[in-house]
Amino acid sequence: MTPDPQADFLPEELLISTVADMLDGLGHVAIGASSPIPGGAALLARARNGGNLRVSMLGSEDHNAFTNGGTELFDCAAQGRIDAFFLGGGQIDGAANINLVGIGDYPQTKVRFPGSFGSAYLYFLVPRVILFREEHTPRVLVPKVDFISAPGTSEPDVYRPGGPYALVTGRCVFAFDKDRKRFRLSSIHPGHAIEEVREMTGFDFDLPDTVGETPAPAPETLALIRGRVADEIAETYPAFAARVFGDNADAA
Amino acid sequence: MSATLDDIDALASRIPDGVKVALPPDYSGCAMAAVRALIKRGARDLHLIGVPSVGFQGDMLIGAGCVATVETAAVTIGEYGAAPRFTAAIKAGTVRMIDGTCPAIHAGLQAAEKGIPFMPVRGIVGSDLLEQRDDWMVGSDPFGGEDGPLVLVKAITPDVTLIHAPLADRHGNAWIGVRREMMVMAHAAKTTLVTFDKLYDGDLLADAEMAAGTIPALYLGALAEAANGAWPVGLFGAYPADDDHLRRYMEMARTDEGFQSYLDAYVLDRKAAE
Amino acid sequence: MSATLDDIDALASRIPDGVKVALPPDYSGCAMAAVRALIKRGARDLHLIGVPSVGFQGDMLIGAGCVATVETAAVTIGEYGAAPRFTAAIKAGTVRMIDGTCPAIHAGLQAAEKGIPFMPVRGIVGSDLLEQRDDWMVGSDPFGGEDGPLVLVKAITPDVTLIHAPLADRHGNAWIGVRREMMVMAHAAKTTLVTFDKLYDGDLLADAEMAAGTIPALYLGALAEAANGAWPVGLFGAYPADDDHLRRYMEMARTDEGFQSYLDAYVLDRKAAE
Amino acid sequence: MTPDPQADFLPEELLISTVADMLDGLGHVAIGASSPIPGGAALLARARNGGNLRVSMLGSEDHNAFTNGGTELFDCAAQGRIDAFFLGGGQIDGAANINLVGIGDYPQTKVRFPGSFGSAYLYFLVPRVILFREEHTPRVLVPKVDFISAPGTSEPDVYRPGGPYALVTGRCVFAFDKDRKRFRLSSIHPGHAIEEVREMTGFDFDLPDTVGETPAPAPETLALIRGRVADEIAETYPAFAARVFGDNADAA
């Protein structure tokens, strides 16, 4: 996502604001490792909701209320105690299947990703799973993943209160339609175009008659992001915070 | 009953070649000093179990040729990038990979902790992971709940759990605070080896506040003092990761030769090739 | 996010008639002040779950007519003798008894904690307990281990867990130290109500030593301060049982009339009949 | 058990010494609630074995190394981490079945006992379960228990590394023969007789040609019991310790 020279906000700020809109009104959002933008979005949603959003951020000491070790996040999810979670994917396909294992024939894949982590579980159990992947290219958004770490949809007899809610990339937002088992283009980030999205997306998706622009962060939102959120996210992601917010005066 | 206190090399010698070793992720308690001792000894054919993932210690052991099998939900060095020696080994086909998912690894260890042969786990059905595993099966709720297929995960019993704790006492108890995955790992394993940063002067179990985060000596085969023993990885509540060093590792471990130079310089006590 | 701080009566009012209430044994953390409030309110048809046994609070609730069902591995007042009101109720057939065994109760709660429908448990096969339970089944190891029949225990999900903790903070976290069965009870229940002896001035989760023994606010529906709130039962690490009082209870609770006098004197704030 | 006026030890001291002999050489002994004599025996065995016996005593703060709540004892047992445990019984029958539930038809039993506790589990999993019940009468030692809380033996296909090892009463010691599924009289406490045992035992048992007397505690053992063990057991059982050891000079 290249910065839009016309905009008075950074791409990261747009993404934080966009994702936060998906979290308003929820009770408990959990964020996995290496997820500064989802983490920032959760902290923003909390700030906007008078603190009435529980945020459990892996790797954070300030925003992590778990005391039962590595299993607690998963146990909470199975009990319905977590409303939203974020997953990424080395590959994501048009049926919202995600691949965190590798490209090529398993097990001796040409490209190896770290592994499936908790995706094969949380994707089933958390009601609102937001797929987040900044890189929006045909390499990542593929027609069919080489390995299904976690499937986007399941047969009706599978216990699955959770699943994909949206896919947020550096170019646009897709909503996931569970009945059609397909993505629908929802909004395009400022500075990007439908043709570009079509070209850079390896899978087929639904296109409504009109597709709006992803709303720019409101001034109050931007102020919160640059103030409280920037401070809070720096505890867990100091490098990210320094890079994005360290000189945000320049971006204005 | 007094604890067996070893030096690091003696502790590492309690991990024979070929055994299943459970290791925590980089954000928990990594016994890096013991991992270096294992590499120095030339350990072979280890079966690593990442609980639920493994990082720097896994990449080093794989790079040094100590590992036959990796059973884990991920091998990750987090924001530093892809684990270089792991990635190379997968490409070369020199390690056997048993890909899992975090909650199934926790559940398998909890089954071992409880001495039961398996435990049900939600989710997973429809993941390609399932096809790779002969220690996972699809069953159902015997009480006829309308939950459809349910994955049953076989108990995971590590031969050894190897961890680093901020504190341990002379009675052989080790304090791990809220990093309770290490408690389950210790309960599940046949034996547990602990390196620790500092000796706690007293009995951790006699202090009600400390006891709540303490693994009792009952589960521990031996302990070894290792100040800063998680370095270059950080230790929760004690010290952060050595960022410069980890970046240097990532740089050097890109190639076989570079990784050998890293081992020479930082593990084998030989003069670095640089 | 701030905690809901009630007074004792408001806390007790969060336990509607007819619900399943999990209670710990006398040596753990008993919310006796809340139990007295429940009796004062005239609670009815409660389904008590002793985790894994229940003592004085169970006997009192049964005697006061608050209880329809008791699910537990034992009702015991330890060395004081047989639980008098429980024994009388069994003889009279006025409570439904669901007899269990400690590890099966723990396993059922752990299944609920993990959101799975059941958990396997060792032993039990050949016990007459098994015939009484439609929430226990005999299955086997799906991996074909040669372990023969294996009991599968259905998840136990209390509507409410009611416990007493030595400490709680303004954020709604409660410290229970090593009495970890209360952690499982809190995780397993739909909601958990906590009375506590003392307010901890600070954030229990911000202190690494305290955090290890703390139930996070996430699981707690409401808390109420109750100094000496476990009395006349003791509280681990804080105060012993009031031996004289418990002996007086045992004496008075031998008969219906005596028990009513006990309630009048110590629970209902009426003048004792003595 | 009535004190033998000839003996220079108390009945409780004999029982502690007798049970301790069954624990020598073990690694980990656990003791449930309300068990001062088994507790004393474990502490004696530990004192005699240079501290190389782990003793986990429910209700004790000094002798309880568990930090995982109520489930840990049971998990340990299933893993084979506990070598010996004690069970009692409102009724015990000749096949070593125990009843901790009640006398009469379940559930509305005429006499109600507290309940089965962990017996239905530990009896299967702990290799050396010692049945301990001071009252030795036909009321307790019955031909057949009214309710099997935990069976003495199991079908061959049942996973059962553990089971009954001996039955210690106020009158004698029985060993349990797993193959014959019966008790065998092992020794009779000083001051008691075979005929008395036969009369007071409601079940049939095997009787060897010669039955010796339960060995009196050796002087060193008595000294340990009255010294270190008396001190240590007082932490968990102050009333018991005061009653038995408070004025043990009188007993000598």
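Each chain carries a letter (A, B, C and D) given by its place in the written order, and its residues are counted from 1.
Assume a residue touches a chain if its C-beta (ideal position, glycine included) is under 8 Å from a C-beta of that chain, and two chains touch if they have at least 3 such contacts.
All figures in this text were calculated on a predicted structure; none of them were measured in a lab.
Set side by side, B-D and C-D show the greater C-beta contact count at C-D. The geometric centre of chain B is 37 Å away from that of chain C, both derived from CA atoms. Between the CA-based centres of chain A and chain C the separation comes to 41 Å, rounded to the whole angstrom.
Distance between chain centres (mean CA atoms), chain C to chain D: 29 Å. Of all residues in chain D, those that touch two or more other chains are 66-68, 71-72, 74, 78, 125.
Multi-chain contact residues of chain B (touching two or more other chains) are listed as 107, 114-116, 121-122, 147, 150, 178, 180, 183, 211-213. Of all possible chain pairs, those that touch are A-B, A-C, B-C, B-D, C-D. Only residues 1, 112-116, 173, 183, 187, 205, 211-218 of chain C touch chain A when the two sit together in their complex.
Residues of chain A touching chain C in their complex: 28, 51-52, 54, 65-68, 71, 74-81, 125. Taken together, the chain D residues at the contact with chain C in this complex read 33-34, 58-59, 66-72, 74, 78, 100-102, 106-110, 112-125, 147-151, 154-155, 157-160, 239.
Residues 25, 27-28, 51-53, 72-76, 78-79, 82-83, 86-87, 90-91, 93, 96-97, 99-104, 106-107, 110, 121-129, 132, 147-150, 178-184 of chain C touch chain D in their complex.
Contact residues of chain B toward chain C in the complex are 107, 114-122, 135, 137, 139, 141-143, 145, 147, 150, 152, 154, 176-178, 180, 208-213, 236-237.
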